[in-house]
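Each of the next two complexes has chain A plus one other chain: chain B in the first, chain C in the second.
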Partner chain A sequence: MSAQDASLSPPRSGLRAWLSPEATARIAAGIAIVAIWELAVRLWAPAFVARPSRIVAVFPAVVTDPGLWLAAGQTLGAVVQGLAFAVVLGTTIGLAIGRVPAVERFLQLYVSGLFAMPMVAILPLLTLFFGYTGDARLATVVFAAVFAIIINVSDGARAVPPEYIEVSRSFRGSGWSRLFDVVLPSSVPYLIAGLKLAAGRALIGAVVAEFYAAIPGLGYYILYNTRTFKHSEAFVAVAMLAIVGVLFELLLSRGTRWLLPWYRRDEARD
Partner chain B sequence: MRRGFESMLQDKSGLARYATYAVALAAGAIIWQLIASRTNPAFLASFTATIDAIAGMVQSGALGRALASSTLVYLTGLGAAIVVGISLGLLLARVRLLRVGLESYIMVLYATPMVALIPFIMSMMGFGFAPKALVVFLFAFFSILYNTVEGARSLKPEMLEVAQSFRSGEWGIWRDVLVPHTLPYSMTGIRQGIGRGLVGLVAGEFFLSGTGIGLLIMQSERDFDVPGLYGSILVVTILGVLLMGIGRALENRFTAWRGLNR
Partner chain C sequence: MNIPHPIAAERKEPSASPARANARIRVQGLAKRYGALEVFRNVNVDVGDREIVAIVGPSGCGKTTLLRCIDGLIAPSSGKVEISGVEVTAPLPGVAMVFQQFGLFPWKTVFNNVAYGLRLAGASKAEIRERVPRFIKLVGLAGFEDAYPYQLSGGMQQRCGLARALAIEPSVLLMDEPFAAVDAQTREILQFELLRIWEVRPTSMVFVTHSIEEAVLMGHRVVVLKGRPAGVFEIIEVDLPHPRTRETLMHPHFAQLREHVWTTLMDEARAAELQLQR
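Presenting the complex of A and B:
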């Protein structure tokens, strides 16, 4: 809830929070969405289409299926690994672009071009390089994530107030100290904003690679189950992807507040 | 600050900027050519071979047909997303309880990777034009709706109260308060939607039924036509850059309304 919403309704706790008009509206809307979905599928869609009552019915069987958890581990493992790689690579290149004009002049065009490119298009090329393997998925994740990080980190490195650099110079700080003690810390909020954007793209990249190259994981689990007309089973996997997407989003926006309480602006790119 | 990446070059005159771009492009092309001449051509097509492949696609008319077919799918999906997203967003801006009830669900759908729905769409709607336009719509829609609702959230209730105290009618409230306040936020959503929609277009053309520019890419992969593969990917990249430029220009044109405290 934004500060403005909070000011409208004084903070409540316990039972009264649950009875507040906001919470009631939220719950009522949720019930309405589920009811409309159930009804629409029953009335107009073929029997195999996912609907809430069937999802609830198959849920215990799907959640106890080790195959789903294996698939989730494979996909998330690739996303986390790829993001870690993209952070290291993206921060290095981003800092270079932000602080070294010659590097900026050469790379800027390519970085913004590849950022604007729809990442799905690169799949045939990556499968050509890496084969139809998990490496192709990892490469897709890195490709999907890295440019968002480069752009944000280079924005951050450029936005370092010149006074900080001057103070570091006056105290005879070395170039390395300037990089690691001044430029890097003040770029961290930008890095986190970039990571938020990159995480969403990485998740899409992993799923898309699994579709394209039939690599085992959540995306392939969805593909396989929908092809055998088990839509409700596949939907549980979609819900898992949604939860992961939301968790990334929350973790990174809360993380900014916990780790960097001094940072207030939200001006990095999305 | 949003445009910090370009700001340094914007300080210079336009000519110097384009000269820098031209030098960077030429240098990139030379490096590409040099690397390609020392690499297995089954993996990396040289710059000149890629350009030749694009010229071939233009001459045979394959590129033109592919672009025309893709454009139709893209504009249908994106157009629907813009119209529905903005109208629904404005409605939520006006009806506070509806907005409070729905915004957490909208946020969840905004964070959900919509690609995951493509297999469902395929088995429900099959092949053809409509499912692909739906994919573009789904990719773009939630960015537009989410950002419009963000704008609605930031609308101070006092503004509506003042308008009502001055006996503004419903039409006046929409025309003078709601739309001008919310539209700049929608433009951010449209910019995001333009990019996401393009991803949706290529994904739809890959995974639903092969048409347009997506088919062009896949066909060259199947035929082991490496220069054609690089050429068609280059075309999509240029398309992405152009569309992102349009999105940025649109957003900047309207963010001026937001003033300093955006």
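Presenting the complex of A and C:
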């Protein structure tokens, strides 16, 4: 999925990196790829296959199409909603696995297994439960995202330095205060790492669900336009997914700084 | 002055009356084992109601372990600890610990770290607003209320941990090398500040330190832990006048006591050195 590729390797070093000699090479490579793509399509592919010049030509019409924005809104809405749900659910289960040995014994195996399982595999099951509706997409997003969060949060909850627990006990903190005042804040960096991973998976989940169950959204928009031989239109939507992926990544990096003003600041030199 | 295991002798009396007339903390026949490692055995120390007991001993002899037993953070393998006549099985109210590794929460600012104990003790918002800045100022951290621990030096973190313990105005203060990371001048300020707090509030203090000078300056008695497994090797009465001030350091008896503690500890260090050379 191009959306995932984009979210995994964004050009994240800012303006300065773009002006460096290394960046010049990067831009040149980009131009070369576009040129080869254009050339290859013109030489060997049927006329309806997307090529850069056509994409640029249809771009104004596509981005002013309310259908595209509606679709983007539907997909994004499901992703954000699903992620929110996955954060609450994943954090709760993750903390329980990390701190309660019995829960860990019961659930660890299933969490690891479900995390590794391709979400496409359970999609038919989810549509059985939820029908070919937005609910099935939401469920797919939650399913795609929640295990990454569970795994990271449980790692974080396990890694709480015993010293902090001891301080809490020494000052007679209750079990709940230990959970909310010590274990949870100490696990937040892990939660955010999990969320970064989960965001990419959630986006894929939403698109895959739209493909499979024909639920209105960006994925379906791409599918529909591809099937009607409007490859260039489809490609704008693909690019949009890529941009959304990058934006998520950016938002989470910014969010980290805002949520964790106390975390890993030792490298800040300027 | 050389009184090995005085409390152990007293324990033989069947009487339930406290060994020291007004003992706040009673450590009786305390032993701690970690698997095959016996950290200390048969430790007997009483700490009076307004007494400062300094504990010195070589690194790894179990000073921190002893404090954690007294605080109720870990269970002893045998023996027991009583505070105000109550057997310690979990941390008690009015008992505060200053941790050797500071134990500050990195996600809390200085203000919130200092407020932590107070909040858990159920202090009101108004109380917290009044007390926290007072103790932050006391340890010389004014202006750093909103700083996170990573923005503080080791010594500043240590002072923050001290303020957190002092803020609950405990009747028992357990301090694990509370000034180890601060510079000489700050250390001196804090030592006398602590002595001043002790003058105005009756507090029992157990004060672990590596500095013999500090032990003699602060302690009413100095407990020397030694051996493998460690035990109370000697309890030295520090019969220096109160209040302890800078003059105390000049007192001829001060030097005598310091030498005494030093020799007691040094025997062990020298033995270890000889063992290494072999």
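Remarks
The working rule: the second predicted complex is superposed on the first by the 233 of 270 C-alpha atoms of A that agree within 3 Å, B and C clash if a C-alpha of one lies under 4 Å from a C-alpha of the other, contacts with A are read in each partner's own complex, and residues count from 1 in each chain.
By definition in this document, contacts are C-beta pairs under 8 Å (C-beta built on N, C-alpha and C of every residue); 3 or more make two chains touch, one makes a residue touch a chain.
What you see is a predicted model, and the numbers here were worked out from it, not measured in a lab.
In the superposed model, A:182 lies in contact with chain C only, and not with chain B. Judged by the touch definition given at the top, the superposed model places A:95 against neither chain B nor chain C.
In the superposition on chain A, A:113 makes contact with chain B only, not with chain C.
With both complexes superposed, B is the one of chain B and chain C in contact with more chain A residues. When the two complexes are overlaid on their common chain A, residue A:171 makes contact with chain C while staying clear of chain B. By the touch criterion stated above, A:50 is placed in contact with chain B alone, chain C being left untouched.
Contacts of A:223 after superposition on the shared chain: chain B is touched, whereas chain C is not. In the superposition on chain A, contact is made by A:163 with chain C only, not with chain B.
Legend: residue contacts after superposition of the two complexes on their common chain; A:261 is shown touching chain C, with no touch to chain B.
Within chain A, the residues touching chain B in one complex and chain C in the other are 265. On chain B, the positions that touch chain A within their shared complex are 1-2, 4-5, 7-9, 20-21, 23-25, 27-28, 43, 97-98, 100-102, 104-105, 107-109, 111-113, 115-120, 122-124, 153-154, 156-157, 188, 192, 195, 198-199, 201-203, 206-207, 214, 217-218, 220-221, 226, 229-230, 233, 236-237, 240-241, 243-244. Put simply, chain A touches chain B in their complex at residues 2, 4-5, 8, 21-22, 25-26, 28-30, 33, 45-46, 48-50, 101, 104-110, 112-125, 127-129, 151, 154-155, 158-159, 200, 203-204, 207-208, 211-212, 218-219, 222-223, 226-227, 229, 231, 234-235, 237-238, 241-242, 245-246, 248-249, 265, 267, 269-270.
The part of chain A that touches chain C in the complex is made up of residues 163-164, 166-167, 169-173, 177, 181-182, 185-186, 188, 260-263, 265-266.
Put simply, chain C touches chain A in their complex at residues 68, 71, 73, 90-93, 96-97, 99, 101, 103, 105-108, 116-117, 120-121, 148-151, 168.
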